[in-house]
Each structure stands twice: as structure tokens, then as C-alpha cells.
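As C-alpha cells, here come the structures.
Next, two complexes with subunit A in common: one pairs it with subunit B, the other with subunit C.
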Partner chain A sequence: MSGERHSLGGGPRTSKASRGPSAEGDRRSLRGSDYALALSTVQDGDVQPMPGFVLPHDESRASLLVTVRATASALAHTEPSAVVAQAYEIGVRSLPFLCLVLAFVGGIIVYQAGIQAMRIVPDTSGIGPGYIELLVRDLAANLTGLMLATRVGASIAAELGSMKVTDQLDAMRLCQTDPVAHLVAPRFLACVLVTPILTIIAGACALASGTAVGAIAFEIRPQNFLDPRFVTIGALVSGFLKSVAFGLAIPLVSAHAGLYTRVGSQGVGDATTSAVVGSSVAVIVLGFFIGAILHIALGGA
Partner chain B sequence: MIEFRGVEKSFGPKVILAGVDLTVQSGEILFVVGTSGVGKSVLIKHAVGLLDPDRGTVHVDGVQVTGLRERELSEVRKQCAMVFQHATLFDSMTCAENVALPLRKHGILGRKAALERAEELLGAVEMEAFAKRYPGPLGDGQRKRVAVARALALSPRYVLFDEPTTSLDPVSARRVDHLIQSLARARGVTCMVVSHDLKSIFTIADRIAMLYKGQVKLLGTPEDFRTSRDPIIEQFITGNPNGPLETT
Partner chain C sequence: MVRFSAALLAQLGQALVALVGAVGTQAMVLAAAASATLRGQCDGEELRAALLRLGLGSIPVIVSTAVFVGGLMVVQSAPLLTRFGAESYLGWGAGFGILREVGPVLTGLMISGRVGSNNTAELGTLTVTEQVDGLRALAIDPAGYLIAPRVWAIILTTVIGTVVSMLVALVGAAAVGLFLLHVHPLTFYNGLTSGMLTWRDALHGLAKAFAFGVVIASSSTAFGLSASGGPPGVGRAVGAGVVSTAVLIFAMDALVSLTARAP
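On to the complex of A and B.
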């Protein structure tokens, strides 16, 4: 590197005396031409204030509630374009996997239900309405939640964990960029938004496969199978609330695991495992309690 | 001047720093050396508020960094930049966008002006040809130079380097040494460098601080280190696997 290549002094240098708290003070400390240029080009949207609450670096002070609080605090600083990008990543790119899994699980359930019905009461007329109620109330939301816990949970934890162990999260903080606002909040918002939509689409796939299996294996006519007479408002509310709750829980649990990854590739592996296990448990437990509470509140409707 | 006063830091039951007293003088190149896991990186992270000590304080130009909130640390971080062991470039941004990021986020320049300034800074580290390229496919040495350009974006008075030559080939390593030296000599930037690279240490260091068992074992010039008769210092310099030096 030649000597003149190292003439690094031509930048917007801030003087010691100018280190006041305001951005205006910093701009005044720029050299003449830089100052004029800066004033003419600074855009308010470029300045991203750090949120009031920042995650503690020390693992011993970290808890899931702390991550929840930091994420809530960072929501106002989230860029909409980042949410859209994550909605594509979490939503669109998960669709083939979710549709495939739910279609096959739906087919298996209808087939098994048909065999049992034929064995006990040789009547398959209740299979369709019962299956649709199960799908709306529990199955679509729970299975979608579990599949997202594996695909999205692992992805969030591994990405954040890798960034943590390679100091990228610290580098972001030094660039006045809050890692939670930049990385966690967009994933959180995207997951909350797309999980109910994914649940509906994946549920439709399970319904289609169940209808097909019913028709092929048990000669149930589709118009008889697709009978929603058991679907109540309570079932619809239950399914929707579960999908929203899973959309809230999966990114938070996974991001927490990633943000507090221990050093090394083993740490990233542990964080990913922890995210998948934690998210899956959250889906099952939340699903149970939401169902139970609604059952009690709506008197079994 | 960066002052570490009685800095203690533990992670769980493991004591990393056990009362570090160290002053980095303005304009000097101070190397912090020691065996792996001794707490060198942990020490320098305290200077920019990435870690808070359990006890003790850190001052940068007389301003106490310890205990400042993230928002308040912004002013310190404008003056005190850090180049991490991994280049820590954001792969979703071009090299120029990476370098422009602190200028934009600290509210110094708008996007267009920040990108123009970033290209100048990349030129200063001979990386202007890569301004519009993404950092993913670049070599370690190139990534490191882009990271140095980003650290210089805010024209800091202090630059902290965490193992800047680790994983670099000898030529790239010497380029980074040259860059650190020119920062200190031509611009008066104070450089605090964590390194194991003895060639760098004995070529460009003004002073060396050796950390051992959580404290500063020896603080002196490269000559003081070379002539030290302390068996631990001697073993560290010679790399002899047998001796009193305890490693983690």
C-alpha cells in the first residue's frame, strides 16, 4: 500500500470539543465541505435511534422475558421492508413443506378414522364433519405450529447464533444498529402475520387430501365429506388464537436461543436444538391451554 | 487516553479479569498479549461498552464508559471503533454499504454522501474496486481491510483491533500491520491491538501488556519483553510447550 493511499484524514472527523449529545453538534464538527454536503443529504429516516431497552450481554441476566421486552421495545424501530423480506422467507418458502406435511398427515388421519369407524359402527358419514372440526379447532394450527417450530425456529436460532459467535451482533451495536430491532423484530412481526395465513393454506391442503382419501378408500362423496356442521364459532376462534399464539412464541423462543448462543459451533448447534425443542414445547403447551380455556369459557362450544 | 481501573469480570464461576489496571496513552500502539482464553478480547470490549465490568471502571478521554446506557454509549463509540477478529461484515450489504452503515446510523451523513465517503475509505485500504461487491466471496485479508475501512468511517480517535492478523496469510498480515502503523503515525489514532502474532508485536508495538491469570503481568516496551528474565514471559515469547506458563 503506497503512502498516499494511506491519506485517511479526509473524512468527517468529529472534534473532541464537539462531542455533545445532539446530531446537530456532530454535524457542526464536520469539516467545511463535508458539513455542507452532510446538511444537504442527511435524511431523517437514516438516523436510527437505539431503543431504550437493550438486551444484557451477560447470559446470567438473560431470560425469555428480557428478550420479549427488548423485542417489544424494538418494534417501533423495525423497517417495513425487513418485515416483508422475512414474511417471504418464513411464509412463502415454508409453504411447500407445510402443505406436503399437512396433506399426508390429513390423509393418514382420515384413513385411520375410516378404518376404525368401519370396524365399530359401519358408518363413515361422520368422518368428514368430525375431521373438519378437528382440523379447524386443533390440527391445522398445531401441525403448522410444530412444522414452523422446526423450520423457522431452527433457522432463526442458527442465523442469530452464528452472528453472535462471530461478533456480528456486537459489530451492529457499534454501528448504532440495534440487533433486536434489525434482526428479531422483523422476524417476529413476519411470523405473527404469516402463521395464521399459513395455517389456513396448510389446513386447506389437509382438507383436500382428507377428502380424496375418504373418496378413494371409503367411497365417501366429497359433498358429504365436506360438511362443516360441527364447526362452531368456538372452533374457529380456537384455531385462530392458537395460530396467532404460535406465531408469537416461535420467533421469540428461537431468537432468545440464538441471541444467547455460547461460543463455538457446538454453541450454535445447542442453540438450534434448544430453539426447536423450546418452540415445539411452546406450541404443544399453548395449544393445550388455549383449547382448555376456550372450552371452559365457551361452555364446550 | 483509555484507562482500565481495577477491572474485574467473571462469566458464571469463571473469573476472566481479576483487577486489570492499564492505561493506553494517546497516539500509541499498545498490544495486549496473552494465552488463548486469558481475557484479552473481553478486556477491550469493556472500552466500547460491549461489556460492563463486575467491578472497576473504564474511562475513555476521562468519560466513564462503565454504566452508560446503550443510547449514551453512542458518543463514545463515535470516538472509539473496533475491528473484530472475524471481519463482521454484513453479507446482505455491499462493501460500500457496510462502510457507510455507521455514518448513516450515527446520523453523520445521508445515504448518498455516506456511500461516496465509503468509497473513499475503501480506496484508503486499497479495496475501492470491491465497493459494489458483496463481502461473502472475498478473502479473509480483503474482508479485514473492509472492516478496517468501516471502523475508520467515523474518524475515531481510538481503534481497537481484536486479533487483526489471525487467519491471514503473511503478506495480508503485514499489510494490516502497515495500516495500523500508518493510522497511529500519520493520524495520531490510538491503537489497542489484541494479538498473538509475535512478528506484528515486535514490529509495530510501542508498548506491550501481557495478561496472565486475569491481571497485567508485564507492561513495557518490546525491548522490555525481549530482555525480560521472567520465565513466564520467556516461555510466551519462545513458545516452549514446557514451562511454568499455565494455559486454559
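On to the complex of A and C.
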């Protein structure tokens, strides 16, 4: 039994003993329905699955929940070196893009806020503290999340989708390696680890550009601008929770889109589109709910 | 040290050449679309099909994003408003963000994600399967048949989509304000129309939407038409296209914000 346990989908089938190994059966034994059968047998508890070999190939069972569960159970089999490589790919190589965007947005927001403040009361002392509070609580995490959804979501879906349409995922399954443990889990772990750090760095860029715009356009002295008196513990918690939630959601949504890419020349493009849209929507929706829940939980403070 | 700086210089030069190349390709796309339209060669059937596919198809994403954008604006301003008891300013604050800044940018990003990458994927597929060359072999000008209809459809979708999303986001903000901060919708409406926001703010947002539409159209078309290397190449083109569109959207946002005269 233990010898058959590690064979691809064939283990549970031969254990039923009623079907002999015909040529047709051998060919079919590599297909998803048998894998689903293997999974169902596993759930009955008599056969163990291959380590980390948990994602059904059966496309009709595709749901984000299945991908999430597969990723969660594959985390234990993740190689640390793969996580480091992905952290470099996701973290370091997104950094110029993130810093550029956040610096732009920070400058624009301070400029717009300054114009509005001048319209009502010609007092610019509140701009800096208000901007820093907004940055810590919402802006840094939300914008970093959106930009990572675009950059990282597209690249994860394109990579996994290309492997899917060129049958490399099936080749991995044939070599008894789990695509989820080897491809998805490292990206997931790296993204979770890297997103809060990226948020802090990108937020610092936005802060620097905002300070510069304040000093140049409205003659606010940097020492007056950089005044964190509005930043509360709640704001810090909110920003941190958001960045962690985005770091969890983006790789899962994008990897799901990539793993279930339709075969065909338009499949990878469609998968990339749905990864970008799905993870952007996830960031906006999660940002709203975390903000609203914290607002209610902290009693409006 | 010398070798290091030489390598750095080479990298910088390559990045610069790539940047100039990208800008040039996008300018060529826009020029091709404009000249095909002026010559009356913009295919009406294709334009209608592209508008239906790209425009109508992205309305669910635009509307659902807009509701949450409205809510986000209220949640963001909630601590400030409750601290100063300035609930009557909620309509102004949310309306300001939705009309001038966050509304157009987030709608632009979502349209870039949905419409732009869809466009890149379609054109990339046509390119890597050599169907664009097939069109040329049939003496059909890709500029009039493929490029111009898509460019116009994307620009129209972005502008109309931004108007829709502004309206939906304002309704969403009023609703979240009512349930979360107990600000009556009438108070919200009064704050919105108290005179601190004018039609110029909405126009400012629309100017941004137009600029974003042009950027999304040119960049997604250019990346699609320069895809190479089979289905994986299409995926790479979509990824690269979305990222550079996002950068261009923020650059345009800064450009429009800073060139618009302070009222």
C-alpha cells in the first residue's frame, strides 16, 4: 500500500482492485477526475495524499476557496530559498514603480489639499498633520495594495498562466511535485512578508514628496509639516492591518486566476486581466471593510 | 569601480532607450488612429462591437468599485469629521475627493485593469498568431480596422465610465455617511452643493478622465501590438502594459492637477 501511495492518482484506484490496469486505464489515470477520486478517497481517511499534493486538477471544482485551502496546506512544504527569490522578485523589483507612484500621489494630494485649505481659511498648519494621519491610516496601505495588485497580480497570473497553457503544471504533477507548494506557496509567503515593508517604504516616499510640495508650493516649513500629532494607535493598527490583508489577498486571487487559465492563445491574457481586476477589487473592498469595522470598533475615534 | 559605473551607465542608457521607444510606439498608435479616423477609415462595425464589449462589459466593475470608493472617502474622513464635529462638511469632503482626485484615478485604474488589459490580450493574441499580418495580406489596414475603433472605444468608455462612477460614488458616500456617521443625506447634499464645489471641479475630473482614456488606449494598444512569443508573450505584454499604464495614469494625474489653474 505504501508503495502505491505515491503514485499519481493510481494509488486509490488500484486499491479498489476491481479494475485491472488496462491501457485505457493507464492513460486515464493521469487525468483530473481520478485525482478528484483520489481526493475523495483521502477525505474518507484510508489513503494519504502525496505531500502537499492538494490542488484538484479537476477544473469544474475550481473555486478560490479550494486554492486557499491548497495554499494553506502547502505552506509547510515551502522551500525558504524559493521564498527569498520571490521576495526579491516581488519586493525589490516592485520598489522603483511603487516609490514613483506614491511620490506622485503624495505630491498631488498635498497640492490639492493646500488649494482647498486656501479656499476656506488661509491656514496651512493643518495640512501636514492631516496628511500624515491620512497616509498612515489609509493612503500608504491602499495605494501600495492597488499598485501591487497591478504589478504583482499581473506577473503572478502571467507566469502561472504561461506554465499552465504550456502544460508545465501537468509536467510538475507528473514529476510528483505539487505546483501549489512549489509555485504558489513561495509567492504567497513572499507577498505576505514583503507587503507591509513595501507599504512603509512607499509611504516614506509619499511623505518626502508631500513635504517637498508643501515647502515649495505653500511655503510650509518641513518642521511644521512633519508633525505627527493626529496619528493615533488606531491609525497605525488600521494601516498595518490593511497592508497585511492586501498582502494575503493579492497573491491568492492572482494565483487562482493563473492556475485556472484556459488553454488557448487568449487564455493567459484573460487570466492576467482577471487577476488584476480581481485583486484590485479585493484591495478596495477589504480597505473599505477594515476601515469601517475599525471605525465602529474604536467608537468613532 | 569604473566597471561598475560603466555597467550602471549602460543600464541607464538601456532604460532611457526603452522609455523613448515606448513613448514613440504609443505616439505612433495615436497618430495611426487619428489619421485613419480623419481619412474616414475607422470601421464603424468594429467601433460598435468594441464599445459593447469593452464599455458595457466593464460597467459592473466600474459601479461596484465606485460604491466602495464613495464609502472609502467617508471612512477616511470619518475621524477628522467626528473630531471637529464637522458633519456638514462631509458632502464637500467626499465630493471633492470623488470629483477631483480619487474618483477619476481609481476609475482610471480599474478601467486600465479591465478594459486596457483586455485590449492588450486581444491585440496580443492577434499579433502572436500573425492575424495582423493576415489582415495586411488581405489589404485591410490594421490602423482603421483594429487600432482606431479600439482607441476611440477606450477613450469614450473611460470618460463615460468616470461620469457614471462619480455619480454612483456620490450615492455610495451618502449611503455610508448615513449608516456609519448618521449624516442625513440632505445634509450631505447641502455640503456638496454649498458653493465650495463648482462645476469646474467636475470638469477637472473629466479632463483627467479624458487624459487617462488617451493613455490607457495608446499604451494598451501599443503593448498588445508588440507582443511576441506565443501565449506566454501575451501574458507578459498584458502585465507590462498594465504596469506602465498605471505609471502613466499617475503621471497624467500630476500633469493635469498641476497645470489646472488654482481657482
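Please note the rule applied: the second predicted complex is superposed on the first by the 248 of 301 C-alpha atoms of A that agree within 3 Å, B and C clash if a C-alpha of one lies under 4 Å from a C-alpha of the other, contacts with A are read in each partner's own complex, and residues count from 1 in each chain.
Basically, a residue touches a chain if its C-beta (ideal position, glycine included) is under 8 Å from a C-beta of that chain, and two chains touch if they have at least 3 such contacts.
Quick caveat: nothing in here was measured; it's all calculated off a predicted structure.
Chemist: Output check: A:Leu236 vs subunit B and subunit C. Expected answer is one of first, second, both, neither. What do you get?
Modeler: neither
Chemist: Looking at A:Thr177 after the superposition, I want to know if it touches subunit B, subunit C, both of them or none. Which is it: first, second, both, neither?
Modeler: first
Chemist: So, does A:Leu134 touch the first partner subunit B, the second partner subunit C, both, or neither?
Modeler: A:Leu134 contacts subunit C only, not subunit B.
Chemist: Which holds for A:Ile216: it touches subunit B only (first), subunit C only (second), both, or neither?
Modeler: A:Ile216 sits against neither subunit B nor subunit C.
Chemist: In the overlaid three-chain picture, which partner chain does A:Thr272 touch, first (subunit B) or second (subunit C), both, or neither?
Modeler: second
Chemist: Between subunit B and subunit C, pick out the one touching the greater number of residues of subunit A.
Modeler: Touching more residues of subunit A than the other partner does is C.
Chemist: Looking at A:Ala76, would you say it contacts subunit B, subunit C, both, or neither? Reply first, second, both or neither.
Modeler: In the superposition, A:Ala76 touches no partner, neither subunit B nor subunit C.
Chemist: Looking at A:Ala292, would you say it contacts subunit B, subunit C, both, or neither? Reply first, second, both or neither.
Modeler: A:Ala292: touches subunit C, not subunit B.
Chemist: For A:Thr166, using the defined touch cut-off, is the partner it touches subunit B, subunit C, both, or neither? Pick first, second, both or neither.
Modeler: Both partners, subunit B and subunit C.
Chemist: On subunit A, what residues does subunit B touch that subunit C touches as well?
Modeler: 166
Chemist: If you look only at subunit A, which of its residues touch subunit C in the complex?
Modeler: That would be residues 97, 100-101, 104-105, 107-109, 111-112, 115-116, 118-120, 130, 133-134, 137-138, 142, 146-147, 150-151, 154-155, 157-159, 161-162, 165-166, 232, 234-235, 264-273, 276-277, 280-281, 284-285, 287-288, 291-292, 295-296, 300-301 of subunit A.
Chemist: In the complex, go through subunit A and note every residue touching subunit B.
Modeler: Listed in rising order, the residues of subunit A that touch subunit B are 1, 5-14, 16, 19-21, 23, 26-27, 30, 37-38, 40-43, 46-50, 52, 54, 57-60, 166-168, 170-178.
Chemist: For the complex, which residues does subunit C have touching subunit A?
Modeler: Residues 61, 64-65, 68-69, 71-72, 75-76, 78-80, 82, 96, 100-101, 105-106, 109-110, 112-114, 117-118, 120-122, 124-125, 128-129, 176, 180-181, 196, 230-232, 234-239, 242-243, 246-247, 250-251, 253-254, 257-258, 262-263.
Chemist: Once bound in the complex, which stretches of subunit B touch subunit A?
Modeler: That would be residues 11-12, 45, 48, 50-52, 61, 69-71, 74-75, 77-79, 81-82, 84-86, 88, 90, 101-114, 117, 120-121, 123-126, 150, 152-155, 157, 162, 175, 178-179, 182-183, 186-187 of subunit B.
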